[in-house]
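Each of the two complexes below includes chain A, the first together with chain B, the second together with chain C.
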Partner chain A sequence: MKVKEIVDKFDFKVLTAPDRLDVEVSGGYASDLLSDVMANSRPGNIWITLQTHQNIIAVAKLRSLAAIVLVNNRTPDAETLKSAEAEHVPLLSTGDPAFKISGKLYVRLGLKD
Partner chain B sequence: MKLRDIRQMLEAEIISGEELLDVEIERAGASDLMSDVLAFGKPGLLLITGLSNAQSVRTASIIGAKAIVYVRGKKPDKEGAELAVQKKIPILSTKFLMYRTCGLLFSSGLHGITDLPGSERAIGRSEESAFVQEFGIVGGDFSRAGTVSLKIMEMLKEVGIDPAVVSRASIAAYEAEMNVVMYARKGTFTLSLTPAAIQMIVADEGAGIPDVELAMQEGYSTATEEMREMGFGAGMGLPNIKRNSDRLEIHSEVGKGTRLAISIDLKQSKSV
Partner chain C sequence: MKAFRADLHIHTCLSPCAELEMSPRGIIRTASEKEIDILGVCDHNSAENVSAMRDAARPFRISVLAGMEVTSQEEVHVLGLFDSLDSALGLQEIVYAHLPGENDEDAFGLQPVVNEQGEVLRFNEKLLIGATTLALEEVVSLIRSHGGLAIASHIDREGFSIIGQLGFIPDGLPLDALETSPAMPVETARQKFGSRLPLTPASDAHRLEEIGRASTSFWLVEGTVAEIRKALVRQDGRKVMNGEEA
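Entry: the complex of A and B
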């Protein structure tokens, strides 16, 4: 399943890199600890987090993640938006909390970890 | 010797960079293996190769080569040709084989890598020689944190290293970089590439680690509350580095700083 389809299905807001949504998603990963994401996420994962500072972009890029979903309608810092655009990392946002959006992706889309 | 003269001697076709033919060339190196080029390469080199894909141009760019000569009538692919224009690396293509190309250039006075006056590398030490690049890291600067690791990842990818190895190296690099950002005043990150391994030396001036063994334990962290709120300091940094490296040495002196030597074999030897 591609990022674009997930965006449409759950009405995520696309905050950056709208031209990079045609990417296959390998699964989901939910965590707010950056080292944990570095250690355990897989390339192509969609990353669910509440972290909004710009270091999440480096993590997403280093792990070749498909996209970052910010939960609870969190707004990223201006610097985060800037580096996400520069590094072509799609930043998405949802009104759902992490538990709910993880559950939805897992159950409704069958998107595993 | 000017590149223009080299072109004439090799009866070469100019693929790109016609405006750069007056560049002075002092030394040349010939190889079809880009990991080898990385190991012996030096800035200002004329790279002679039969490998005509974009990887050869990327490697030339990384080592700071002045020009590329493709032998055996090879020409760069589209991606390579575009990259060469972008990086301002002139490209020639000769019909001669590598042996003859080297012979002609050598006999007209072009130096090799190891025989240039003042060269610090002696013949026969190629096993130890490596491509080396150094980066600075500023302690406490979270806004730029991760940029060194990203550069290193791009670089390793560009030279065609196994993606699984690049992945492990990026994780180790990121954690090492973040440790400097979080706990030190400043540090240097030195990347060395040999034909066999990636080596990363990360040395900082900072608080040091009082008990390395304790710091290696999963979950142990001395991060501040502020760092933890940002999702750092989960006590996974050093264990992550250890898990992803083939060899890891840590030397730390309290009040002075910490030095990590991380080594990862290019031949994937462990799965993480």
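Entry: the complex of A and C
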């Protein structure tokens, strides 16, 4: 399943890098502790978080994550958006909280870890 | 100049997670027994017990720095240390304006504002244990614009530390030093984090017996933030001598 299909299916808002959605998603990881994401996420994961600090972009890049989903309609600051565009990291946003969107992706898409 | 032993990070009874035995006189007496020369009073998101701490310290040769441990919106803890209580209270005013919620004493603990004798003047009702809505960059910038030193708390811990929450220290963040907790010897920290910033071990004491469990030795003229600021950049002969375990 590609990022693009997930965006369409769940009506995510695409905040950055709309030209980078043609990427295969290997699974998902939900965490707000960036050190934990650096240690435990896997390449190609879609990352569900409420952290909006610009370090999330570096972490996504470092771990070759497919996309970041910001929950609860969180809006990243200008630096984060700029960095995401520069690094071609898709930042997506949803009104759902982390538990709900994780559940949807897990059940309806069969996306596991 | 001479050597000063500093514990730059202790809490008082005002912090809901600290023991009520952390009264001004109890803290000063314990710090004196442990030969601490400089104490940084850093309650969570508040400096309301600094004044009482300074009163209690007067008969002793202990310098009390006005401080606060601010929680950023990313839940990163950052110490602000000031010579002037007014500066700390100026920061406190902004922190309070960005700190939502009310304390639940049953869930988090009491938040007594006390006098020198430890008598309760009032209870702070803000949710001091909570996070402000200020971004980390804003917290550091506010501390500096109020004339304070900005030190990232207990960077070796997973919870509420800059590295735990954010994975690494953002480029260009103007911190003055990095604090290590008693759990990690300063040499280990130096190897592990390899930062250009000075390391300042401190106890983060929430109980009397924890005071001085980690400390930093400085070579200074007097126990002030202005002098420590010089030591952190090795200016005018001032310096950080080492981090040492108590």
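The rule we apply is simple: the second predicted complex is superposed on the first by the 113 of 113 C-alpha atoms of A that agree within 3 Å, B and C clash if a C-alpha of one lies under 4 Å from a C-alpha of the other, contacts with A are read in each partner's own complex, and residues count from 1 in each chain.
Quick note on the criterion: a residue touches a chain if its C-beta (ideal position, glycine included) is under 8 Å from a C-beta of that chain, and two chains touch if they have at least 3 such contacts.
Remember, predicted model here, so these are calculated numbers, not experimental data.
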Inset, instruction - Figure out whether A:P43 sits in contact with chain B (first) or chain C (second), or with both, or with neither. - result: first
Inset, instruction - Please work out whether A:T80 is in contact with chain B alone, chain C alone, both, or neither, and reply first, second, both or neither. - result: neither
Inset, instruction - Give one of first, second, both or neither to describe whether A:K61 is in contact with chain B, with chain C, with both, or with none. - result: first
Legend entry - Touch count on chain A, higher of chain B and chain C: B
Legend entry - chain B and chain C contact sites that coincide on chain A, given as residue numbers: 32-36, 38, 51, 53-55, 58-59
Inset, instruction - Quick one: which bits of chain C touch chain A in the complex? Just the residue numbers, please. - result: 74, 135-136, 158, 163-168, 170
Inset, instruction - Report the residues of chain A in contact with chain C in the complex, numbered from low to high. - result: 32-38, 51, 53-55, 58-59, 77
Legend entry - Of chain A, residues touching chain B in the complex: 32-36, 38-39, 43, 49, 51, 53-59, 61-64, 79, 87
Inset, instruction - Would you tell me which residues of chain B are touching chain A in their complex? - result: 142-143, 145-147, 149-150, 153, 167, 170-171, 174-175, 178, 230-232, 234, 236-237, 240, 243
